[in-house]
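Across the two complexes that follow, subunit A remains constant while its partner is subunit B and subsequently subunit C.
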Partner chain A sequence: MMNNIRSFIEKAGWPRVIIALFLLGLFVMAPFVRVRVDTSISDTLVRFGMNGVMVLAMVPMIQAGCGLNFGLPLGIIAGLLGAVTSIELGVTGLPGIFTAMLIATPIAIVLGWLYGQLLNRVKGGEMMIATYVGFSSVAFMCIMWLVLPYKSPNMVWGYAGAGLRTTISVDGYWSRAISDILAFNIGDFFYCPTGMMLFFAFLCFAMWMFMKTKIGTAMTTVGSNPEYAKAAGVNVDRMRTLSVVLSTVLGAIGIIMYEQSFGFIQLYMGPFYMAFPAVAAILIGGASVNKASILNVVIGTILFQGILTMTPSVINSLIETDMSEVIRIIVSNGMILYALTRVVKVKS
Partner chain B sequence: MMTKKSSFQDNLSHFFVSNAVPIIFLALSAVAIPISRFSTQYLVQEMLVRLARDSFLVLSLLIPIMAGMGLNFGMVLGAMAGEIGLILITDWNIVGIPGMVLAMIISTPLAVLLGWMCGVILNRAKGREMVTSFILCFFINGVYQLIVLYGFGSVFPIKSPDLVLSRGFGIRNVTNLENIRKCLDNLIPLSIGGVAIPIATFLVIAAFCVFVVWFRKTKLGQDMRAVGQDMDVAEAAGIPVERTRIISIVISTVLACYGQIIFLQNIGTMNTYNSHEQAGMFAIAALLVGGASVTKATIPNVFIGVILFHLMFVVSPMAGKYLIGQAQLGEYFRVFVSYGIIAIALVLHAWRRQQDKDRARRALRGNA
Partner chain C sequence: MALSEPLLKMEKIGKAYFGNRVLKDVSFTLEKGQILGLVGENGAGKSTLMNILFGMSVIQETGGYEGKFFINGEEAQFKNPLDALDAGIGMVHQEFSLIPGFTAAENIVLNREPTQYNVLVESFGDRLRTLNTDEMELRGKTAIEKLNVVIDSDTLVSEMPVGHKQFTEIAREIDKEKTQLLVLDEPTAVLTESEAEILLASMRKLAAMGIAIIFISHRLHEIIDVCDKIVVLRDGQVVHETTPAQTNVMEIATHMVGRNIESAFAREETVRSFAKDILKVEHLWVDMPGETVRDVSFSVKEGEIFGIGGLAGQGKLGIANGIMGMYPSGGSVVFDGKEVVLNDPRSPLSMGIASVSEDRRGVGLLLEEPISWNIIFTTLQMQSRFLKPVFGGLFKIRDEEAIREATQKYIEALEIKCTGEHQRVQELSGGNQQKVCLAKAFALHPKLLFVSEPTRGIDVGAKRVVLDTLREYNQKRGTTIVMISSELEELRSICDQIAIVNEGRIGGTRPATCPSTEFGLLMLGEIKNGVEKVGV
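And now, the complex of A and B:
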């Protein structure tokens, strides 16, 4: 019995176990501080669906040995461009979302391809460069949001008549258009965003299938042993580029999913730190810097988003101080730190 | 052995690749200064102030680069230690130079502890020091917030009502450092042609430069360079690699802590929760602009970098305003440049490493 537990902890890693226990504790404590458990579960589900796709975007690059994709903002920018263009065109409902995705995908492919070419030239230093590519592209887009010729009165600054606003509401366009498909309520407090769940499940399944194909296997080989992959006749650089493109496209789709559920498009510095929660989530789910699975994505997103949902409500009622932000910072970055320092130990 | 075989053109392009960043910045500034319509006197004054303010922070980055640990994003840890010292002396109301010195004394053990921790963690992440120290800063920033926002005033007594939030604990967003404002800068007043020169600060910086030059020649400094060249060879030569690396990070963290105190005495107010984040980014960007790389940085790089980077920084909003009519645009451009320059420098470094490998391979193979 003790051995079983010990080997389980060893396999899962103690930070994951602590985080899971912490989350469990929060759920147990919730009724005692008059926080509704059904609302909490519902909120967790919604946030799980919102963020899931962006966490999924981490998988291809990790598998292909490009490390954690701190450059996710690049994909997010493509998604944002798609979203604002779709609103500019005035398409509402599901078609609006599909328009956004349709516009975002080619942009993401181009950006991802360029980004992939860059990362192929800097093997070994990908993560740091990815971070700063993400940062500088967000800063660059700050200029573009001001300059791009969007005209829709719902999006531009009222007094200047030009330049996009920092937050744009998608209400009246495609707010919750995917979430609400087949959605149902149980009681007054429980809402299940079925459509979003199904969409996420579909993408996960597609990714899982892809990883089983010949190309997917080749990609994994590149990640686990580039020399072997080369000897086996796999074009290493092409596989890496493909993984980066995939990740960027998923990032673009992910942010659109996020926006339709959240109800707002956040421009300017909004996407700046968005890669970090996604990175933290997949690591909490059990991924390492060079190995990740769909299961890691699902578990990690539930655990991480669960904590983000539960800490503000429970801890606030408990000690009457909002410490959720600090807890978020410590948990997510602590997790990334743990992953970065652990890999080397395993290798040596 | 390879100069013989490489052509003049190859050398020229190598020179441009090596110095690409300062050259680009020089060109950008040359275009932007006339557009911004700033007077020479204003710019000279501004550059002197910024040299005094920032050089120490940037200098603190040199030693880890020497030890082959890349850009020490972990210098932010030192900055945080310094800020805790400053909060305490402000609470105790200790004025002027004694206050500054006391802040340094208080924060030194903290910085040593944080630096040691950072060093130990980086030893477990060899080859990815930069990204690890980068994330470590975010992590410790969370701990810093936990202490300063929740611990100060509740667990740790803070008396001054000007410092503490109205809810009774936690430090306010802005800490006023009126007590030590410019105390070092104005210690030895000197003004030439209406341009005030902070002599004392420059003396401190000069002393630091001498220290760096001297340090390179010591046994420890030589050990660090050996470790920076090749860890395995250094280990074989009997140098305690891990210990040397930790020491380099500890020194850097402590110096960054002093650097932040000097920086903030010049500014006179402190954004309790953001000052340190910016300190790291600007110092690293400045060093890179000065032509340093991830593996090689010299003292001239520091000063050239601070001047060029801050010239850009002062000039770009106004240039943006006169050029396009929107100051906001120049503001965003400035942010873009700070991040972009770090991205470019990191890319160039990684790229050059691959190219150097190819050149070396070519030279070995001959002109085949």
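And now, the complex of A and C:
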């Protein structure tokens, strides 16, 4: 029995066990400080589904040895372009979301390909370069959001009649269009976004399958030892580019999932910090800079988003002042900081 | 009969890594002023034993060791190398741990510098005492003199020849006043013969001063020369303990490998003949750093084992790497009547040419992946085997079952010592890693196989297995093998013909039955007849 526990801890890794126990502790504590457990679980599920795809986007690049995708904002921008265009066209419901994805994907492929070419020229320093690719693309788009000729009155500034607003509501278009498929409520407070869960599960499964194909295997090998891969007849640069494109496309799809659940599209500085929670989640899930699995994605997202949901509400109720935003910032950045210290060695 | 306790006493030391037993019941004693020669094949457990003695953290991290050892009669339990240093154990590693930008003297007294008072000490304490450079010089000089060598203590380590670096390291150990036991791990490997002589002489001198020495070396005649006692390890056990007076090189070697050493390089004296050329290389040049190939032409006949020899840096390794598309190259390579596209690794692979790289850890292996991946990956990529269709043939994924079976087959056939096909390759010993590399090439079912330095860095026993495997593979399947090696005797033992590369060009090709002296002359470029063909 003791041995079983020990080998489980060894496998899962101490950090994950501790974080999971902490999360469990928060759930146990919740009823005592008048925080509803069912609402909390529901919130955690929703956040899990919202963020899951963006965490999954980390996997291909990690496996191909391109490091953590700090340039995720690039994919997010592609997703945002898809989303606003879909609203501009006025497509509603599920077709609206698919239109958004359909438009976002080719943009993401092009941007990802360019981004991949850049990363192939800076082997060894990918993560630093990626961070600034993300930042500068966000800055560039700050100009573009103003200039691009979108006309829908739901999206442009009212007083000027031109330029997109910082926050655009998707209400009336495709708010929760995926989440609500097969969704159900238990009581007044528990809501399960079944559709979003299924969609995330499907993407995870597709990624898992992809990693088992010939190309997926080659990608993993490129990350493990590029020289070996080259000697085995694999085009290393092409594999790396492919991984970056995949990651960018998943980033685009991820943000559309996020928006349909969240209900708003956030432009301008919105995507600026989006990469960090995703990076932190996958690291907390047990991935390292060159090895990540689907399990890491799922566990990491649950733990990270769970803590992020629970800590502010529980602590807020404990100290009976409204500090939820402050606590959220402390917790999320603290977790990111912790996760980034894990970059080198994970199994400790 | 020694009245006092021996300086070092090992009692039933044992150690296992990941379930692999590497040491078992090792016991021996070492008296003050004695030199003990520790010999064994690679992977026999010498390094592990020394790591235990030196309290290296890798031992603790992998579950500690069994047994006890005593220093001057007291049980020693070192938690880290600092404890070992305190107990007076000095170690000189194979890899240098010197600071290149410091002088010999500075390196020798590093962190034990003599210091003197200055005014800052009043306010900031002893850490700000000034170095006493004169005394440092003096101590450096004394330590170097004890070794009977002439090294200027002012010389920067970065400007020293390798031999002097080695002496500087040893000087550092003997400068420590407490040092009573010195471990030298293959100190002569990097030395020239005359330098080695000097080192042996200084070892005797140190021993006379009462310092005990554990001397690890593959050069058996040195061991016999200098040691008072010889311990032979094999597969983690002490198989033989003797003194130089009672033994000779042959006997030690036999104990090391556990079988008769002479058979290792025996060859069958049959001259085989072959009809058809399978590989024709003309005017090949390869831009491989350190192994530039300038203008190489040769042809290999179907079914033969063709050797390529030559001194290091002359370009012999570049030939295989160039043809396999690993480095920029040009010229013409025709295989089986078809032109091989250079600079494209897929082209030779798809035509049935496989290669075992000389850079095992850098190019040959995925160290962090399981054995199975290492073996099947190239085959999976190039020949799309080990894949199975899913969703009614929509796409194909890895067939784990087929991979497991194939891997098991190779593990058994090549006697790869491991805990299973999922073990990560970095946990294997050099010889077993090499076997994995061979299995990888065999899995491709190649028509022609390049094998570069197949026995580099592996021990005599594994060498034998590797060479036998190659010969057997050649005979049973008729696979043409091009073997590239710096060891002439190895080439002569299994090849049919040997080409010697000199300065990026073929110096000459001879049947392997030619005397070694002839090859020696070719290597040195003494015979200038690059285009000469030898009829076989």
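Operating definition for what follows: the second predicted complex is superposed on the first by the 306 of 348 C-alpha atoms of A that agree within 3 Å, B and C clash if a C-alpha of one lies under 4 Å from a C-alpha of the other, contacts with A are read in each partner's own complex, and residues count from 1 in each chain.
Everything that follows uses one rule, which is that a contact is a pair of C-beta atoms (placed from the backbone, for glycine too) under 8 Å apart; a residue touches a chain by one contact, two chains touch by 3 or more.
Please read all numbers here as calculations on a predicted model, not as lab measurements.
*Asks:* Identify which of subunit B and subunit C touches the larger number of residues of subunit A.
*Replies:* It is B that touches the greater number of subunit A residues.
*Asks:* Now for A:N3: first (subunit B), second (subunit C), both, or neither, which partner does it touch?
*Replies:* neither
*Asks:* Have a look at where A:V122 lands relative to subunit B and subunit C in the superposition and call it first, second, both or neither.
*Replies:* A:V122: touches subunit B, not subunit C.
*Asks:* A:I330 contacts which: subunit B (first), subunit C (second), both, neither?
*Replies:* first
*Asks:* After lining up the shared chain so the two structures overlap, which partner does A:S224 touch, if you call subunit B first and subunit C second: first, second, both or neither?
*Replies:* In the superposed model, A:S224 contacts subunit C only, not subunit B.
*Asks:* So, does A:T341 touch the first partner subunit B, the second partner subunit C, both, or neither?
*Replies:* first
*Asks:* After lining up the shared chain so the two structures overlap, which partner does A:L146 touch, if you call subunit B first and subunit C second: first, second, both or neither?
*Replies:* In the superposed model, A:L146 contacts subunit B only, not subunit C.
*Asks:* Identify the overlap between the subunit B-contacting and the subunit C-contacting residues of subunit A.
*Replies:* Subunit A residues touching both partners: none found.
*Asks:* Where on subunit A does subunit B make contact in their complex?
*Replies:* 70, 118, 121-125, 127-129, 131-133, 135-136, 139-140, 142-143, 146-147, 276, 321, 323, 325-326, 329-330, 333-334, 336-337, 340-341, 344-345
*Asks:* Spell out the residues on subunit A that touch subunit C in their complex, using ranges where they run on.
*Replies:* Of all residues in subunit A, those touching subunit C are 209, 212-214, 217-218, 221, 224-225, 227-228, 230-234, 291.
*Asks:* Taking the touch rule as given, give the residues of subunit C at its contact with subunit A in the complex, in rising order.
*Replies:* Touch residues, subunit C against subunit A: 324, 326, 345-346, 349-350, 355, 357, 359, 362-369, 373, 377-378, 380-382, 384, 387, 390, 395-398.
*Asks:* Can you list the residues on subunit B that touch subunit A in the complex?
*Replies:* 121, 124-128, 130-132, 134-136, 138-139, 141-143, 145-146, 149-150, 326, 328-329, 332-333, 335-336, 338-340, 342-343, 346-347, 349-351, 354
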